[in-house]
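Read through the structures below before going on.
There are two complexes below, and they share subunit A, which is joined by subunit B in the first and by subunit C in the second.
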Partner chain A sequence: MFIVKYIKEVFSGLKSLAIGLRLTLYYFTHHKEIITQQYPDNRETLNLPERFKGEVVMLHDENNEHACTGCTACELACPNGTIKIITKFDIATDGKKKKALDKFVYHLELCTMCNLCIVACPTDAIKMAQTFEHSVYDRSELTKILNKPGSEIREGVE
Partner chain B sequence: MWSFSNISKFIDNWLRATFNPIWTMVIEMVIAGVCVIGLFAILGLVLVIMERKVSAWMQIRLGPNRVGPKGMLQSLADTVKLLVKEGMTPAGADKFLFNLAPFIAMMVAMLLMAPIAFAKDFQMWDLNIGVLYVSAVSSIMVISILIAGWASNNKYSLMGAMRSGAQIVSYELSAGLSILSIVVLSGSLNLNDIIQSQADGWWIFKGHIPVIIAFIIFIIAVTAETNRAPFDLAEAESELTAGFHTEYSGMKFALFFLAEYVNVFIVCAIGATLFLGGWMPFHIGHWQGFNHVMDYIPSSIWFFGKTFFLIFLIMWFRWTFPRLRIDQLLNLEWRYLLPISMFNILLVTLMAILGWHF
Partner chain C sequence: MIEEIGRTTEGDVMINVGPQHPATHGVLHLVITINGETIKKVEPHLGFIHRSIEKMCESLSYRQFIYVTSRMDYLSSHINNHACALCVEKGLQVEIPSRAQVIRVLMDELTRIASHELWWGAMAMDLGAFTPFFHAFRERESINDIMEETCGARLTMNYMVPGGVMQDIHPNFQRRVKDFIRLYKSKVNEYDELVTGNIIFQNRMKGVGYLSPEDAISYGCTGPPARGSGVSCDIRKLYPYEIYDQLEFDEILETGGDSFARYMVRVREMNQSIRIIEQLIDNIPEGDFQAKTKAVLKLPKGEFYQRVETARGEFGVYIVSEGGTTPYRIKFRSPGFSNLSALDHMVRGSKLGDLVAMMGTLDLVIPDIDR
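Up next is the complex of A and B:
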């Protein structure tokens, strides 16, 4: 019947509002747990969530070797042209020419931290770092070469 | 004993003894004006910091915590910021109306202060149709919003103003009907008489369920009338930038901002007066002893306590509920609140005739 449905609607509406109000009242009266960080004060003890995305970095091991093959999958995946892969040709041990990474150019000022490049990389050569204090006085400092000078591709990574 | 009514009586007597009647009246008017402006300033400062702290705690944040002890002076800093900002008038705007609108908003808020009883025997204007006066004057508010939206020459402003027009005009009905139920019960339009009629218990306790329903409808309707979330379609930051005050800056914006908070205070004061007994202490029927103990708490503390409780309630709503869409807003009013309050007022009338309340 119409009137029964109407009254039911009113009561279920009021009930759902009451549930919401109860939750916010709980937070209001239990304001011990604070989720925001008091940033400049606790710079040393900053506790960032695991999935916080600050900038793209390339992983290097102790032999100064990385896993980037120069396949440009990340460059293609990036929605706003942040990454530019410059490749070179290496002479492999068996004398064959082989394409390899020369420079991984990363424009931090264009990056939106969308994580798409990380997902696209077939060899997990890059990842997101948790640094976030990126202010500089000259924007050219934001253009970074991610592979360290003299670094080589790790043996066995194709 | 120190109380607002004694102080005002003392000042009145002293003025009457020193000056002739006309000067006395002029001086008293000036004093009242200064008091109202002072109260406005204090309310603005207190309510802004209260809102920010309440919102922060409800969202598990800390809120402002830099200026002053625990950030309590934040709203002073905000005021200074707004004072030194440039008050721009956009090139295409209707200059006269654009500058007039914030003052209308303030004037309405000031006019509404007149019949409110802040403490026992402490009232600016004890007029016999106080309730009617309040509901009539409070609807002038919509004119200032419409003027502001129209004069800004901005689509967002105009849309915000039109929405707020639709909203205020429709919610006034159910606010009026719920106020009317108290008028029916107490049999008077005078705010003082209404308070006196609650000497043996506040209406919200004496009136059983119908008055509680009226109170809920009143709170919903006045939240909508003061354009606060979840009914803040006139501002709707996410859709209309800032709605009717998009083009306002500096002190003119501050006037709108202040008017919003003062209006919240006023509607809560009216709600406290009608439903929670205004400055009347918490009395239960004829328990003389208990009532005497309650009388020791000054009436002004009762009044401000109840008012701030209602203000907290409205803030609580704001930081809990998401904003309604315009059609949901009108649906809520015309399909739910208005029929329910019409039915409710019949019930209240029946109760008043048969004397079913205490």
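Up next is the complex of A and C:
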């Protein structure tokens, strides 16, 4: 009796294995249904959604102007101390001193892509970029100055 | 033999599993006492991924601390964020727009499916089947794509903020979720074919790792491990938050108490999540996605507690506020920690080969246990 039960079990086990393998074979012969992406070969065609949080960048227009007033709202919003705003005093045309952005220091290695700085910015001067290949040979390369050299604040942004 | 279980005698061997072991789902260290092939005792050693999150939160503001909780149970990051947001809202006494509520519930349920999906693949892999893992990841990938489009991240979302959600849903969101439901329904039979109906799989799951309802309660188990033993503990039903009381869904209960019952609870829960999503996806109300809140949040003096149902069980956030901008103390009640504590009881007296399978049915996420 035991033998019969044992053999039965073996066969039912084999049968359910075959059912599973049938599915595997199906995908083996139907390449169209495979959705694996061939990264990095598909780098050119890779499209990341526009909201993807890869890295904080500052927006510059064609005149090399940005919208950052140096208000440090993003620095305060950041949980990790990723952003350091260094300000300077510009002498405006009417001779008054005006606070302006000198350097927007961004430590990519500390950033957790939480988006809080972007939400906090009152002038939408910064946004998230869709880059994700951040590996470098030395960690000092991860500290970035986001405002481009020689850039100035756009007219009319307060 | 039985009275020896739990005691070390001559001939016992102590072996280490982990902290880095392919079967332990992260850095969990188990010290196992075995006699022959029979397990007498399992001692989990924690702390390999302890990041002191609770202490960290004490120096972060009420907007900032939420992102850290994505890094605890990274497979339920939306739901963790949700709990924190709800707890802060409780203190602030703000009304959340109904659009935000619906989006939050939709995201929660998508997360639940994604998490169970990953668990299903990993579970089969624990038993030595590699193919299901890829099948599970195919469906999970389409959820991740939906998340990526709306929240901008695949795992650590930080999408729920006090007052609502951070951004409005992407215009494609509804269409893609419907596509996903269609895909899921066409593929769900494959799961049964590949794993659930397999006799070898069933023999390794049925009658193994029995946890009685009494033990489930006294070990503080929640989520699928407790519901697999027939203990009703779904927070969405018992203490409804958000709009769960207006939705139609069943709390899944199995009475087996063994590994297979816990397995079935999760598989059936995915269908319930699909049911919830189907009810909501066409009925997202118009309006704001975020309530107006102050730039700097201050909670009144007092204590606030909020619990939610994550994919792994009950997750609780306890905030003690002194009236300032940062919490005085934050405590997280993570489901994985209590579920893990039942492991020793569950495996005593069973064979070494079943240990990994039983751990698999607990669906442990180690960063959630260690915090």
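We take it that the second predicted complex is superposed on the first by the 120 of 158 C-alpha atoms of A that agree within 3 Å, B and C clash if a C-alpha of one lies under 4 Å from a C-alpha of the other, contacts with A are read in each partner's own complex, and residues count from 1 in each chain.
By our rule, contacts are C-beta pairs under 8 Å (C-beta built on N, C-alpha and C of every residue); 3 or more make two chains touch, one makes a residue touch a chain.
Since the structure is predicted, the reported quantities are computational estimates derived from the model, not experimental observations.
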Does subunit B (first) or subunit C (second) touch A:P49, or do both, or does neither?
-> second
Once the structures are superposed on A, label A:L116 by its partner contacts, choosing first (subunit B), second (subunit C), both or neither.
-> second
With the two structures laid over each other on chain A, which partner does A:A77 touch: subunit B (first), subunit C (second), both, or neither?
-> second
For A:M128, select first, second, both or neither according to whether it touches subunit B, subunit C, the two together, or no partner.
-> second
When the two structures are overlaid on chain A, which partner does A:H31 contact: first (subunit B), second (subunit C), both, or neither?
-> first
Would you mind checking which one, subunit B or subunit C, touches more residues on subunit A?
-> C
Can A:S16 be said to touch subunit B (first), subunit C (second), both, or neither?
-> second
Examine A:V105 and indicate which partner it touches, taking first as subunit B and second as subunit C; both and neither are also allowed.
-> neither
Determine where on subunit A the residues touched by subunit B overlap those touched by subunit C, and list them.
-> 17, 20, 23-24, 35
Touching residues (chain side subunit A, partner subunit B) in the complex = 10, 17, 20-21, 23-25, 27-28, 31, 33-36, 38
Residues of subunit C that touch subunit A when the two form their complex = 60-61, 63-65, 67-68, 129, 131, 138, 141, 148-153, 156, 158, 161, 166-167, 170, 190, 193-195, 197-200, 203, 295
Contact residues on subunit A for subunit C in the complex?
-> 9, 12-13, 15-17, 19-20, 22-24, 35, 48-49, 51-53, 77-79, 112-116, 119-120, 128
Can you check the complex and tell me which residues of subunit B touch subunit A?
-> 54, 57-62, 316-317, 319-321, 336, 340
